[in-house]
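Shown next, in structure tokens, is the structure this report addresses.
The chains carry the letters A, B, C and D, assigned in the order they are written, with residues numbered from 1 in each.
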Amino acid sequence: MVTWLEQIPAELLPAIPVVMVLLSLTAAVAIFPLPENSVKLRAGINLTAAVAKVLLIIALVPAVVADGARPEFSAPFLPGIDLVLRVDPLALFFAGLSALLWLLTTIYALGYLRGSKNKSRFFGFFSLCVTATVGISFSGNLITFLVFYELLTVVTYPLVAHWGTPASLRAARIYLRYALGGGLAVLIGVVWLTMYVGPVDFADGGAEGVSELVRANPVPALLIFVLLVGGLGVKAALFPLHGWLPLAMVAPAPVSALLHAVAVVKAGVFGIVRVLHDVFGVEAAAELGVLTPLLILAAFTILYGSYQALRQQEIKKRLAYSTISQVSYVVLGVAMVNVLATSGGIVHLVHQGLMKVTLFFCAGLFAEVIRAHTVSQLRGAGRRMPLTSAAFTVGAFGMIGLPPTAGFISKWQLGTGALASEHPWVLWVLVGSSLLNAAYFLPVVYALWFVDADEVAPETLVSGDADSADPLRVKEPKSLLAPALITAGLTLFVGIAASLAFAPLQIARFIAEGVLG
Amino acid sequence: MMLAQWALSMGAVELTQMQWYLLVGTAIAVIGLVRMLLTRDLLARLIALNVTGIGSLMIILALAARTAESGDATGGTEAAGSGIDPVLSALVITGLVITVAFTGLGAVLIRRIEGAQDAERAHTLDDVHDPERSGDAGDRE
Amino acid sequence: MTAPMSLTLFCLAAVVLLPLLASALSVLLGTAARRVMGVITSVTVLGLVTPILIQVTSGQTLELALGGFESPLGITLRADGLSALFLAMTAIVGAVVSCYAAARPAATGKRLVPAAEQRRRSHPADAGIGAEATAHREARSVVHADPSPVWRAGHAGFWPLWLGCWSGLNAVFVSGDLFNTYVGLELVGLTAVALVALGGRDAWPAALRYLFIAVLGSLLFLIGVALIYSVTGTLDIIASGEVIAELAASHDADLAAVVLALCLISLGLALKVALVPLHRWLIPAHSSAPSAVSPLLSALVIKAALFVLLRVWLWVAGPLPELVILAWVLAGMGAVAILVGSVMALRQSRLKPLIAYSTVAQAGYWFLLLPLLLDPETTALEGQTGTTLEDGAVLAGALGGTVALALGHGLAKASLFLAAGHLKDLYGTDEIDELRGAGRAHPMLVMSMGLSAVGLIGLPLSLGFTGKWLLATSAVAAGHYWILVVLVAGTLFSAAYLLKAVAPLLVMSEDDQTALTLPQAQTHPDDRALTGKAQLAPFVLGLLTVLTGFLGAWLTGVLEVGAPW
Amino acid sequence: MLATPALSSLSLFSPSLLIPLSLLTPLVLVLALGLAGLLPPGQAFTLRRRLTLFAPLAVAPAVLLALLAEPGSDPAALEVPWLLFGAHFGVDLYARPLLLIAALLYGAALLAISWIKLRDAERGSGALSAFLLLSFTGNIGTYLAADAASFYLAFALMSFSAAGLVIHYRTPAARRATRVYLVMSVLSETAILAALILVTSAGGFLLTDSADAAGTAHTGLIQGLLIFGFGVKAGTVPLHVWLPLAHPAAPPAASAVLSGAMVKAGLIGWLRFLPDGETAGAVLLALALTGAFAAVVLGVLQHDPKVVLAYSTISQMGFITALVAVGLMVPDLQAATSAAAVIYAVHHGLAKGALFLGVPVVKHYARGRTGSLVLLGMLGAGLAVAGAPLTSGAFGKYVSKEAVSGIEVLGVGLDQLLPLIATGSTLLLLRFAAVIWAADRDPRRRADGELFSWLGVCAAGILVPWVIGARWVTDPVQAEGVAMPSWEPSTLWDATWPILLGILLAGLAWGAARCGWLPARLSSSEKAAIPPGDLLVAEESLLRRVGSGGGTALDAAHGFTSSAAERWGSFFSAAAERGRHGVSWVEARLGGWESTGLTLVMLLSVVTVITMLVAGRIL
């Protein structure tokens, strides 16, 4: 099967990024007008689009990573500036993650939303959101990135407000306010930069003209950097701009799984990596002297996120704050200018996505099956929902950074990278955050497995498979459980086989070497 | 005309005929404008509108005279020295026609509005006398 | 003149005269026939505009002297980039709204049916504007023999007035000289006032107020034109522009008259575009107008005045340094308009006034370019390395930005007003908190309101975004950083009030999962198309708002044709 | 299921397969046990029962590996490029004996649990053997790992699966023990992670060059972290508090493994990573010695036999840590002291394992025909731990004394101090004998796996240390087996006088207790004077105080910042609201017809006049 894919003729390659973006767009356009009850057709469209996208990514990997092809497609958009879609390893990295997790989250959402209303609207916007994410990953210049970045804001609003309760509308409004503010900051930054250096094309080592700009007049360059990273920081949930993330947990589980673990949050961080590596270039950024403050901000966000997570009793709120702290690992890694730390940061982009999606799936399962929303309600869930609890445990161990899981790999890379950079104190931030992670995840795991549920609310006693020796055992719905187990398995596989040929770590290392030389 | 003598007697300013008409036209336009903008009564406002229209047209006529008088080089074809510049007079005529059209439309609207207000007032009086008959003819929005 | 050339010239003339002819003809037809005539005319005008657009995009300004009379007496029609774009937008919005009005005659206004003929299903002499007869097929059950007249939905007078207004608009866009522009403006003003009056009893005072404002504006414009003629000796826009340029070069004393003319013209047109201190007439006019009329008013009618303003400022006055005070005053009023319009929109409790105030706010954007026109020097960036902007680029960028914003606003506002009007007719009210949860029954309407919101806020993939991008880049190039601040504030405010309008429609259940008490749709015996395919119109316009986002580069290319610099 | 590899068909398995085999077989078994849960419960139970029967055999590949793999030969090294960061495994001098001991102990423990009749079996024996297999894999993983990442993987796997052993009975005591154990192991894991990262970034990824790489950068920091991290596992004094709590709570087989094999992982960690350092060695030595002696004092006062044994483990580990500390202080003695530590660890593992497994054996088989056998076995194991002559204990102590001869501690020769530890352990063992003698009996008719495994361990305890000492652990000086204790009277006397002293002291204490001289609290029978895990109460309260103090401080800071943010937010929105209200008031005033008219007139006049003036001036 894979050999067939490898022989994709060279001239078809530039078409792939466009096909990827259009794929989920056409899926969305097809899904919107569907009536509510055509479940089969909607599921079919969704799944075929998702599977096709994953296959395309697999086809691209050997071409782009192995023999360095850079397929590119550009269309006129603004006077003098085109919409450019280009595939480079970093783009492939992020697009691969979002394509894979979109497939799993679609399966999860099909099961999760079986009973609810507005499914066509949900899946339509769901596919649009992935279009925006893939667009962001493949964008070749700053304008295309901005267009898809803003599209992501618009498209995620109805997903956050899906339940239509006043609370979710309020959360969605606050999210929109943050995201629009961020988007405007990026717009002004881009306008200003374009004025100085013309259309800003992503190029390894920084867009042409930007390094002279930094040398000629550092103050505007600094302001532009602050505007860009500030605007992107909103979606990357850096410290002062993270307020919207915990509130957006009102959204349905698949939304909080895909959006707040993968699409939205990662788009922000991916943007910061692009700005640092491909717009300013690391040397220019170092010359500007912005790396250390960014490092300190990321470190503070990590500790602040973990501290806040410690104080939350609701599971999804706790996961939200842990997302805030985990995402800043990527910024931390990238801000330390050496190959080890950068590859650690970039690989954490994928690892954190896998782990956090598993945790959100399990949180959704717990909420759906045994109505458990707070940590105390999870007592004894290990015996009642063993497979979900196992997946949750794998995710939790990943968050803490224990070896067999992917979290350990990125923490180890970041640690060694920190010591190799000129900020060895970052190691203690990592150690401190691991302790804090353990402090707020281990009690949950302990409650899951080692505490017996004192009283079992009768209505949650779904009639398990009748002859189960353990009367408490609850039937876990397949379509929700399978994605959770798959992502948990992936977390373990990526954690163990970290040095495999096209494993995330190797691609991240390849990217880091490409940028830092 | 006393006004004209008063101005002449002032003697300070020696007005050519064109400037004099320009001055009068502007005065009329300004008076009409102020009157129109400050009255509450609709009909008075419509009439003031016409006065402003006439004032502005007088200004244009004065300008027409000026260009004719100066036989401006660029004027080109129109007859030198004879009374009014034809293009501007066409402008004045069209202005007149349009002001008339608008006044017609305004009059109809005022009649409608006042008619509605009278009906409204009549209804309120009826309601006071025999409440059960009201409501039907009322606006069924 | 090659064959296609004469064909496009024929189209140029037809685009103005055909709607006028159709308007006159429709007066003679019955209600149903008028709707058919209306739709046919709109389609043909759409067809006529395309060759003009193609010809202009290929880089050629079309010029036609009607009836062979050369200027100064004859009427010359000229279609350059700017007019082609406005023609296209008007054609698209006009066609869609006409189809909507044809599909839903009830949306065209309210008419007063006298009691006498309610019993007899004959052709009553309608007391409506103009003597045209209206036929009623529906069976009329009389409640009780009450002599007073009764209001009925739908007003056949809509069609002649709207086609007349359309021809006036096209006349303004393609007129080569100032006098014809004046005549076009008047035709638009007259028909617009009448269209507003179709909205029934509470629309009449608004219509009257609109009338006074329109007349006042055009009188000021007339005096201005006369002054310019007296100085330049010609009414033709291009010719007068050249004369004024010479005068400016020689610092002639007559320039004072030109400056005075510019002041009068600008203020008259600002009055017609409803710039902030002079905006109060627009709110009652656009919100009480019938649901098929308010999109036309907001999207098209005020654009005519804007078009003339751009013509005068760029082509005729050819930015004179003396106009710097006027430019800053207008730009200041524009910035204030954005803030005041948005704040007032936030405080509205009903949907249509909110959208009207949004028009007032968006109008502010179109005046921001004036100071840019006057000192487009790019010294601000001179010292910087790497800037490649030459002098004309700033002007092109500013004009491109303003035109993109205006066109984007036209499409988006038409869609928004259509959707809002539809909801008002459906539920009888446009109070926002009474329409909570109405979105559940009309996903298409909510989607089109969402799409138009994207266009109005200026998020990417919409002409709004292109406009803001072009305006921002040329502002930064010319060193006018205050425009950036205004754009950011405007975007955030517009997001706030559009969210306030659209969000309540999405509400589905109270917090404790109890079902929401939905507003119940009123029964509309004579308006079957209400829930039917008429909802497609706002959706089509919404889609167009987003899809035209890709045309940024093409738009600036077209504007280069016949540009003054 | 996996056919048990018959000992004779060695050629069947190529030697290099042994390392992966020994690591994977237990994991495969655990996976099978886990997946059995998916079957309907009836079949699941029988499958699990049959799997637990096979469990003891899972250790066979490890035993084979230990026997066959000559350090440095082909089967002794394995490189897995795709695992973690490129994993390396290998059997070296220190790993081989500990590997053997671990395999034997885990085999015996699994045997004791599974090969018994159903009615006597532990509740949930499947889970227990699964966790035992997991911790076995982790344990031998720490010995076999040859690079920092896989060492850490094995260490984490072992410590977190040990939590499963401690919690097994789900009693409140077990819960508390597990909580304490988890908190301490998380702290130790994090410290070790930091230390390993420091070592790796200093170039010490492969263990062969870890120790000297650690010497190059941040040495003091690394030493501190390693002492803390592995100290928790090795039960060094302030960090030993979890041992006395965990052992009574865990099932006896599990506590045998805990004391016998898992504690040694701490030792191998120090040997692999600790860089030489005078001060670190001194600190470690001080801690070791205090631990060795304090444990005796505390252990004597306990009533539960397993707690006494736990304290004896702490004291013995103190002995071994002292050896390691000496190796740190005097680098050229390091080879000898490490070899001595390994041999002593081997001896202690087997002997202590025998004692722990003996506790249930005494309970079930003390009476009847097997009574004498049990008495003999326990006596033998006890004497070995005490270090009586002719036992493996004597051999271990002799080698250690040889290694540290000449080291002075506060003026007293170290080789004088070590025998005193033997006295302490004699006291503890007598206490253990007294307590176990008084414990209740629950006779069981037929001999089963529990007895056989115990006998196996006792036999191994007698034989294996000598074999290892002779052939496997090469003495750096004679480059072959470590010097064997000669039979002259002087060495014999050296081994016996500490024991006699211990017996003498015990007699005195016993006499005092008889005639009531001892204070009431000390001699009370049921409640121990000092609760097990003595320092724990202090440490727990300290930790709680620090946690709550930090928590309140952070909450206060958070409260302050959020209230400031709220105040700022409300001020800002109030100002915005006032602004909006002002705008709408002005706008309303402009509303009327007259006011618009007025503004228009004003605007017209003002603008026209100004522009004309400006135009005039410019012209």
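Here is the rule we use: contacts are C-beta pairs under 8 Å (C-beta built on N, C-alpha and C of every residue); 3 or more make two chains touch, one makes a residue touch a chain.
Predicted model, so just to flag it, every value in this text is computed and none were measured.
Two chain pairs are in question, B-C and B-D; the one with more C-beta pairs in contact is B-C. For the pair chain A and chain B, the distance between C-alpha centroids works out to 68 Å. If you average the CA atoms of chain B and of chain C, the two centres end up 27 Å from each other. Chain B and chain D have Cα centroids lying 102 Å from one another.
The mean-CA centres of chain A and chain C are about 43 angstrom from one another, to the nearest whole unit. Those residues of chain D in touch with two or more other chains are numbered 593, 596, 600.
Residue positions of chain B touching 2 or more other chains, listed in rising order: 33, 36.
Under the contact rule stated at the top, the pairs of chains that touch are A-C, A-D, B-C, B-D, C-D. Residue ranges of chain D in contact with chain C, taken from their complex: 579-580, 583-584, 587, 590-591, 593, 596, 599-600, 603-604, 607-608, 610-612, 614-616, 618-619.
Chain C makes touch with chain B in their complex at residues 72-73, 110, 129, 143-144, 146, 148-151, 179, 182-183, 186, 189-190, 193-194, 197, 200-201, 204-205, 207-208, 211-212, 214-216, 218-219, 222-223, 225-227, 229-230, 232-235, 243, 428.
Contact residues of chain B toward chain D in the complex are 33-34, 36-38, 40.
Chain D makes touch with chain B in their complex at residues 593-594, 596-598, 600-601.
Interface residues of chain D facing chain A in the complex, by the touch rule stated above, are 37, 40-42, 44-45, 81-86, 149, 152-153, 156-157, 160, 167, 170, 175, 178-179, 182, 186-187, 189-190, 193-194, 197-198, 200-201, 554-555, 558.
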